[in-house]
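Look at the two complexes coming up: chain A is in both, with chain B in one and chain C in the other.
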Partner chain A sequence: MPENDFYTPTDMDLLRMENELLAFEVRFLKARSGGPSEIAGSPISLSRMTHLEEAETDLKLLLRRIKSSPLGPVAGTNRNFRTLNDRYLKRSEEALSMSPPQRIAYLEGAERDLVLLLGRLARGPLGVMFRRRKSFRTLQERYL
Partner chain B sequence: MSDQLIIAGFHRSGTSATARLLHRGGLFLGYELLEALPSNPYGHFEDREIVNLHTRILSDNEQTWAVGEPLLPVVGQQRWQLMQRIIDRRNSEHRIWGFKDPRTCLFMMLWKHLLPNAKVLIVYRHFSGSTYSLGQRHSSDMFLRRGSAQVHGRFWEEPDFALRMWLVHNNALLAFARTFPEDTMTVSLDMIRDGFPLVWALNRRWGLDLEDVPVAEAFDQSISVRRVRRQPVSDRRLIGKVQGTWRRLEELAGETEMALRKETPVA
Partner chain C sequence: MGRVPTDADQHPVFYAGRFFDEVADAGLLGDHTVLSDWDVLPSQLSAALERASVLVVLDLFSFPFESLTGDLRDVPLVLSLPAGFDAGFLTTVFGRAAFARLGFFDRVAAADAGVWGKLRRRYGWTERQRIEIEDDRPENAAAEISAALEAESALLASFGEGDYEANRYWSERGDALAGDAPDRAICSVNHSLRFNKAIHRIQAAVLRPQFAAARGTQPEDVPFDVLEVGAGIGRWAAGFDPASTRFTGVDISAGMVKAARANFPECRFDRLGAESILPYGDESFDLAFSVTVMHHNPTPTKRALISEMWRVTRPGGRLMFLEDFVSGGWSTMSTVYPMSVLRFVELLVEATAGQVVLEHVESVRYPHDSFTRGGLLSVSKLGVAKTW
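Here is the complex of A and B:
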C-alpha cells in the first residue's frame, strides 16, 4: 500500500464524529419525546406532508407518461397541459429550494392539479382506455 | 426458462423501496423475506437464505456486512453449492425471480458466473444521503441498545467509515456495469422518486413482463427523504475518489434516461 494511503485521524476528526453522534442523539431524543421534528414550524402534519409529496411524484409520473406517449403531441397543444408541464417538470428543482410555507403551498397545488388532471382524463374521450390501466385506477382511488 | 433480475445498491440507497415496487409488479424475491424494522418500516425485501449465504461468505473472509475496503472474496466449495441450490430451486419454480441485498454489490461477479443471463438493476443514491441515513440508523440502534455496539460504534470511531463503505460498494457496481453493460441498468433513487417509469423501462429493455405499479405505492417520501447535505470528510484524499465514482454513476443513469427517451411509453 503506498504511503499516501495512510493518514492519522486528528483530534479534530474525533471531535467532529462526536459532534455528529451528539446531533443524532438530540434528534433521537426529540423523536422519542414527541418533540418537534425537522419540519418544525410547519402548520401541517408529517403524514399530510408525505401524502402531498406522493401526490407531486404521481403527478410528475403521469405528466411524463402522457408527454412521451402517442398522445404527447396532442397534449402539447393544450395550454393547461403546457402549464402543468412547465410547473412540475421543467421547474421542479425550484421547489426544493423553497421555504417551508412556499413548499407546502406548491405541494398542495400539485395535489389539486393531480385531482383535476385525473378527473379530466377519466371524463375525456379516452377515459375508457385510461380506466383499463391498473396504475390509473390506483391513482383514481387514491386521489378522487 | 427463467429470467433473473438482481437489485443491487449500497445500504440506504432505496433498494428496499425499489424491490418493493418490483415485488408488487410480480418479481419473486424470496421464500422468506426479512421482517420490517423501524429503519425500514415496509420491510427489506431481502431473502433470508440469500442474506445468510452472503453473511457466511463475508464471515469466511473475516468480514461483516460493514465492508469499507475493496474485497476480493474467497468462496469455498460449500458456498458455491449452496448458491447453485438457491438458483436451481428458483429456476424450477419461478418464471421470473431475483433478489435484493446490499451485500450483493460485493458478490456480483460470483452470481453472474452462475447466472450468465441474469440482469442487474443498479440503484444508487448520493453519498451524503446514504451516509447520513446509515448514521441515523446506527445511532438509533446504539441508543436503543439494539444489535452490536461494536458495529454501531465504528461509524463514530473510524473517520469516513460510511463514506468508504459507499465508495467500495459503488465501485464494485461500476466494475460490474463496465464488464456487463448489456445486462445492467443503472438508476438513481432520485430518478425513481421523480417518476422514472422503472418497470416499463425494465420490461422494454429485457422483456421481463412485470406489471406496472405507481411509484408512490412503493416509495414513502417521508422515509427516503431527498436531502443532499455537505459531506463531512476527514481524509481529503477521498474527495476525488468519491466524486469520480459519483460522476460515473450519474453518467450511467444518464444513459438509462437517454435510452428511455428513444422509446415511446404508452400512457
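Here is the complex of A and C:
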C-alpha cells in the first residue's frame, strides 16, 4: 500500500482486518492470563507471532495447492518438496504441543521455508505461470 | 454494516406528564410526539421512545428515570428544570435519579441562570449543555426547546461536501461545527444525537477503566497530566476530575479549540499546527491519548503524531489509541485511511523505536455495525526520566 495513497479495501480485506484485530486481542488476553512469557507484554512480539502464524498457514495452503494441482506428482519426486510436505502437513499437529521457544523456532522456520519456496517457484521454468495468479502475487508481495 | 441512525429516522419526544393538555396545544415545531404520564408506564416506555431522537422531560416529578435502561440509556435527554425551586432542593430530589446520569450529550433547559450555574458546577456540566429559556412553564418551555431543536437540525442539514484532505477537512469542518453542533462528536455529526450518545457510552466503557489504570496508584494530591490529541470540543475532558487532573487538549481546528475553552475553562486547549508538532516539552504528561483521530489521517501524519505523543509522555506513562482498525466501503468521499491493527502496531513500534510495552488490547463493536471495527491499544513508555 503506498503510504500517501488511499487504499481501497474489498470485503475480503474487511474480513482480514477484523480477523486480525480479534486474533490480536485473543493473543493479548492469552498472554496476560499466564501464557508464555516470550509473547507477553510486548507489542513487537505479539505482532511478530501473529505474522509468523500467518506465514505458516500460507505455507500449508501453498503446499496443499501444489500437491492437488497437475504439478503434484512431479513435485512429489522432489526431495525438498517431500521434506516440506512432511514437516508442515504430515507433522503439523506436533507443532501445537511444542514449548513456546520451540514453537517460535518452528514458525520462524516456516516463514524462511515459505520465502525460499516462493523464490524457487518464481525463478523456475513455471515462474511466469505462477506470477499470473493473483494469489501467488499476493504471497510474493507479503513475503518477498 | 447495519443501518446508521440519522435524524431523519427520528423525532423529538416530549414528556409532558401532568401538563399533557397544555403542551399538546403549545404549537411545537416539526415532527414530534407528546407523552402523558400514562404513556411512560414501564410496559409502554420502550415503544414510546423507539424513534425518539431526544427525550424532553418537562415534568421531572412524574417521570420514571429508573426505567431508562438498556437501549433507552442512549436516548439524549433534555431536562426542563421546574420553576420555583432552588438548586439545593432540585439536587436532593433529582440528583441521583436524573442529574447524575446526564452526560455530554444531554442538556438542561433552565430559565434561572443562578440555579443553572450552581447545578452546572456541582455536576460538571458544560455551558453549552444549557438550553436557555425565558419562561419555564411547561407549555412555554416546550415551545422554546422545540424551536431550539428545530433550528439545530436545520443547521446540520448539509455537511461534508467535497474531496477529502485530512488537515483542511477537519480544520474547516471543526470551525463550522464549533458553533452549530455543540454537542456532537465531530466525526459523527451527520448521524443522530442518539447515535452519538450510544457511541460515546461504548467508548467511555472501554476508556474509563484504562484511564483509571493509567493513573494507577499516583496519590490524589499529585496532579495527573493528561493530553488528548484531536480533542474537538473537549468531550473527554468531562471524564476527568478537575481537582486532581490537569487536562490538556489539542485540535487542528481553531473553532473547536475556542469552543473547548468555553466548555471547560479549567482545562487547557491549544491549536495543533499542520506539521503535527505538539507544542509541549518532552515528558510533560502521564497519559496521552486519541479517540478516532488516527484513522482519519494518512500514514505520515499518524507516524508524526505517535512520535510526538511518545515524546511528550513521561517514562512509565501511557499512550492510548481508540481507533478503527477495520474499514470497508471506501469512496472518494471517505474520510478514513484504513490501517489494520498489526500495521498500526508496526507503526507504533517504529515511531517509538520500540520503547513501549503493551498494556491493554480491547476490540470495540459499535451498535450499528455488523462487524467489530474499533480497538483500544494502550502502551506504556519505557525508559528513564530525563527530567526530575
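Everything that follows uses one rule, which is that the second predicted complex is superposed on the first by the 100 of 144 C-alpha atoms of A that agree within 3 Å, B and C clash if a C-alpha of one lies under 4 Å from a C-alpha of the other, contacts with A are read in each partner's own complex, and residues count from 1 in each chain.
Methods note: a contact is a pair of C-beta atoms (placed from the backbone, for glycine too) under 8 Å apart; a residue touches a chain by one contact, two chains touch by 3 or more.
These figures come from a predicted structure and were not determined experimentally.
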Query raised in the report: Which holds for A:Thr50: it touches chain B only (first), chain C only (second), both, or neither?
Result: both
Query raised in the report: Touching A:Lys30, do we find chain B (first), chain C (second), both, or neither?
Result: neither
Report task. For A:Lys134, select first, second, both or neither according to whether it touches chain B, chain C, the two together, or no partner. Result -> first
Report task. Quick one: classify A:Asp11 as touching chain B (first), chain C (second), both or neither. Result -> second
Report summary line: Chosen between chain B and chain C, the partner touching more chain A residues is B
Requested in this report: Using the superposition on chain A described above, determine whether A:Glu20 touches chain B (first), chain C (second), both, or neither.
Outcome: both
Requested in this report: Could you give the residue numbers on chain A that contact chain B in one complex and chain C in the other?
Outcome: 4, 7, 9-10, 13-14, 16-18, 20-21, 24-25, 28, 46-47, 50
Query raised in the report: How about chain C: which of its residues touch chain A in the complex?
Result: 298-300, 325-330, 334, 337-338, 340-342, 345-346, 348-349, 354, 356-358, 360-363, 371-373, 375, 377, 379
Requested in this report: State the interface residues of chain A toward chain C in the complex, per the touch definition above.
Outcome: 3-4, 6-11, 13-14, 16-18, 20-22, 24-25, 28-29, 41-44, 46-47, 50-51
Requested in this report: Please name which positions on chain A make contact with chain B in the complex.
Outcome: 4, 7, 9-10, 12-14, 16-18, 20-21, 24-25, 27-28, 46-47, 49-50, 53-55, 57-58, 60-66, 68-71, 92, 96, 130, 133-135, 138-139, 142
Query raised in the report: Residues of chain B touching chain A in their complex?
Result: 135-136, 139-140, 143, 155-157, 159, 193-195, 197, 211-217, 219-222, 226, 232, 234-235, 237, 261, 263-267
